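Shared between the two complexes below is subunit A, which pairs with subunit B and subunit C, respectively.
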Partner chain A sequence: MKKLIKIFFLLTKTSIQSMLTHQIGVITFLLGKILRFIFYFSFLFFLLEKTKFLAGYNFNQAIIFFLTFNLIDIISQMVFREVYRFRQQVISGSLDYYLTKPYPIFLKILFGGFDVLDLITLIPVLILTAYFVFQIPNLLLINIFLFFFLFINGLLISTGFHILVLSSAVLTSEVDHSIMIFRDLSRMGAISMDIYKEPLRSILTFVIPIGIMITYPAKALLNLLNLQSIFISFLISFFFLFFSLKLWNLALKKYQSVGN
Partner chain B sequence: MIKVKNLTKIYKTPIRKTNLLADIFFRQYKEKTALDNISFEINTNELIGFIGPNGAGKTTTMKILSGILYPTFGEINVLGYFPFDKKPEFLKKISFISGQKNQLFWELPVTESFKLTKEIYQVNDSDYKKSLSNLIDLFNVNKLLKQPVKTLSLGQRMKMELINALLYNPQILFLDEPTIGLDIFSQSAIINFIKKYQKNFKSTIILTSHYLQDVKKLAQRIILINQGKIIYDGSLKKLTDKHSNKKIIKIILDCEIPKNFLEKINQQKISYKNNPPLLEIIIEKNKLSFLIKEVINKLSFQDLTIEDEPIEEIIKNFINNQSKN
Partner chain C sequence: MKKYFLYFKICLYQYFIYRINFIFWRLRNFLNIIFLYFLWTSINKTNSFSYTQDQLVSYIFLINLLYAIILSTRTEEIPQLIISGEIMNIITKPISFFKLIITKEIVDKLVNIFFSLIEISLLIFIFQPNFYFQKNIFSLIIMIIFIFLAIILSFFIDLIISFLAFWSTETWAPRFIFYIVLSILSGSIFPLDILPSTIYQLLLLTPFPYFVYFPAKLFLTPTNYSIISHLFIVLIWILITFFLSFIMWKRGIKNYSFYGR
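After this line comes the complex of A and B, so read on.
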């Protein structure tokens, strides 16, 4: 384990060093992220100033959903940034090299490109989240614990999604579109799933478990989740991760590599 | 050390149709047999050359032996392991290098890649320093260590790739076209290095190369693959001795070729190229003494050399003959 942590830190260090060689790229990337957050936040603010409620939630509650989405989205991008570069690694043949290294392959292709720029954007979102969480009336410690566990559960689902993208890249050399589909789907969770009608709501919650990934932690915080739903959410994330790992193993068996 | 029995690898590729809907919903695949039931064994400290035309199955074999690809059928045992299982104990004992691919951090000095390799393979500090200094001396690349990889030439980068791959003294080294695209100086430096490394570290090296002169200089044994099948397994010298029956005579002439000389060689159906002052004659070995007599008696020349048929030509003819059979 100590060895793996050391390798992770070395990969992170080299990833940061490589990134810092492109200074203009760093600035525009950060600017884009900040602007997108501000625009969406302002949109919700102005919308709820007029409507007062969104699917039954007031401004503070709607913002909790939005911030939970942002936390999961930013952490996923920060930790799984290497997935975005995976297509190039498949078509250039670099994946062949990674497959011959004596460490778990995900250490490189999933976690190997830790993005420090996302860490920079994460800090203000964390502060904002803490501010709005403490605005919740009658907040219980158990709700904070449940939020924490369901948040981790959400990150496990996000891990599963990213493994699915990697598997699809091994089979088809396709990453860009599948990662965009994932990003668009998860963006649907920026506001509570309750806004969608059935059967779309159930599909987005249980089949493509965006709802469990993003809406459930926020609902737990607002004390709107029953025990049954919490149990189901852990079960679904377990099976989702299990399924994505199975698909990854299958993809590796089907991998054809690139010729010379 | 390496045992391969009845190894087969079949690749599937989609057949493109003109109908987009059929392409998406009713996609059909064609199968290509990259390796067709091949068997061989490789012992410790052997240096084997895999040769054959493009698409013959050389790289596929190496990728299966190093655990990158999953075989369709067959038994494979490398150092007691099934390579595709990717056991860390197995992967620590092998190294895979491809001349056409880069595994160093592109933007950073090469020492950053070396440090990562040290951690991945858990090389202790003293062994790391010793290995690194030996390898750097062998290649004389001390001045290049602080340069970002992207600023190195292809030859310099290949040397660094080799150093990076050998820092942990692997037992088996898979070298896929290590000299491709290199100038003659870098090519020769790498060939000499591989030779020395194998001698000093008693490692097993499996090499593919289109430059048969490289293979000739390095490999005691070759495995010749064509269309996924092994068509020869043995010494390169034996193959060339057995299948080369031609010599090339190059003569720098002092004067024009006399008519009676040309008549004689035409009678014997000997082929030649006349680019004055160079006369090049390709002749079967059994006619060599006859021709030498004729040359000495009838031609006035400054220089005369007798060369073996190029190794590439011998292998090409051998493969063509095998394909016909």
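After this line comes the complex of A and C, so read on.
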């Protein structure tokens, strides 16, 4: 374990050093991410100023959904940044090289590109989330605990999605759009699954578990989840992660090296 | 002309080489319309916007089509041509670089329009929304003029961003910023006039609202406001961006150097 942590930090250090060689790009990229957050936050603000309610939620509640989405989105990008570069590794044959390394392959292809830029954008979002969480009337400690556990659960689902993307890259060599489809699907949960009508709402919540990943932690915080839903959400995330790992193993069996 | 038509055909075939990639790309567009459709239909009908819900729904479908017509582009491939030196293979041949780029743009727009229409038709069939149709011919003609101007403006802005590659290898960064600003300020998520009046009036002085929002607005509301002043603003932006892209191309190609291949 100690060895794996050491390798992770070594890969992270390399990733940061590589990123810092593009200083103008880094600053612009960071500025872009901040701008995007400000724009969407302002949009929600102006929208709810006029409509008062969105899918039955007031401004503070809608913002909690939006901030939870941002937290999961930013952390996923921060931790799984290497997934965005995976296709190149498959088509160039570099994947063969990583497969022969004496450490788990996910350490390189899933966690090996820690993005420090996302860590910078994460801090203000965390502060803002804390501010809006403490605005919730009658907030109970149990809701904060549930939020925390469902948030971790959401990150596990996100891990499952990223493994699915890796698998699809091995099977089809086309990862660019599949990772962006995951981002688009996540964005569909940015406000709340309650904006969708059935059966789409259930599909997005339980089949493609975006709803459990993003909406459920926020719902737990707002005291809108029952015990049954919480139990189901943990069960679904377990099966989803299991399924994605199975698919990855299948993809590896089907993998035909490109060579370089 | 024959060689450009041949290039047109090659560009068209390229879309269908990587079929899964193509399907995923269209799926992204499809998901985007679904998200916006449900976002705007979830808003209570008694909102204080100047739009009815039918108009808002029409706006979502319309901006998708306008985005395909105006903002779809392949100019993001130009920086790679410049950085890799591949552009030399084109400009030393007896063909026009700009005619090739324009041909590629036409193909891209046609493909985008074709598939957007299919996706929109499919969603209309599924959701069966009520549509608002502009019956005023004058508004429709003005809208078409603004669409045409927006295509030109968007092309010159894309060229400016692409030509930055003559001086820097990091052109993806300004393009990233441009698309983020564009995604919100062009009105491709919401009608810009829901913003406070001062911000809205200031935005109308920038090129962004004229890409998607303004043509859509012309379709949805009668043109009882000053069209001439907006036409004037767009023409000024076209002139500025044209001269800037022209100067950048001239200076860039004059001092052009690239690493060996």
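The working rule: the second predicted complex is superposed on the first by the 258 of 260 C-alpha atoms of A that agree within 3 Å, B and C clash if a C-alpha of one lies under 4 Å from a C-alpha of the other, contacts with A are read in each partner's own complex, and residues count from 1 in each chain.
We take it that a residue touches a chain if its C-beta (ideal position, glycine included) is under 8 Å from a C-beta of that chain, and two chains touch if they have at least 3 such contacts.
The model shown is predicted, which means the values in this text are computed figures rather than measured ones.
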{"item": "First (subunit B), second (subunit C), both or neither touched by A:Leu252", "value": "first"}
{"item": "First (subunit B), second (subunit C), both or neither touched by A:Lys197", "value": "second"}
{"item": "Touching partner for A:Lys2 - first (subunit B), second (subunit C), both, neither", "value": "neither"}
{"item": "Comparison of subunit B and subunit C by subunit A residues contacted", "value": "C"}
{"item": "Partner chain in contact with A:Met188 - subunit B first, subunit C second, else both or neither", "value": "second"}
{"item": "Overlapping contact positions on subunit A, where the subunit C interface meets the subunit B interface", "value": "none"}
{"item": "Interfacial residue positions of subunit A with respect to subunit C in the complex", "value": "22, 24-25, 28-29, 31-32, 35-36, 39-40, 43, 46-47, 50-55, 172, 174, 176-178, 180-181, 184-185, 187-188, 191, 194-197, 200"}
{"item": "Subunit B residues touching subunit A - in the complex, by the definition given at the top", "value": "11-12, 54-55, 59, 63, 66-70, 84, 86, 88-92, 94-96, 98, 100-103, 105-108, 112, 115-116, 119-122, 176-177"}
{"item": "Sites on subunit C touched by subunit A in the complex", "value": "18, 20-21, 24-25, 27-28, 31-32, 34-35, 38-39, 42-44, 47-49, 168, 170, 172-174, 176-177, 180-181, 183-185, 189-190, 194-196"}
{"item": "Residue ranges of subunit A in contact with subunit B within the complex", "value": "3, 6-7, 10-11, 14, 17-18, 21, 92-94, 96-97, 99-103, 105, 252-257, 259-260"}
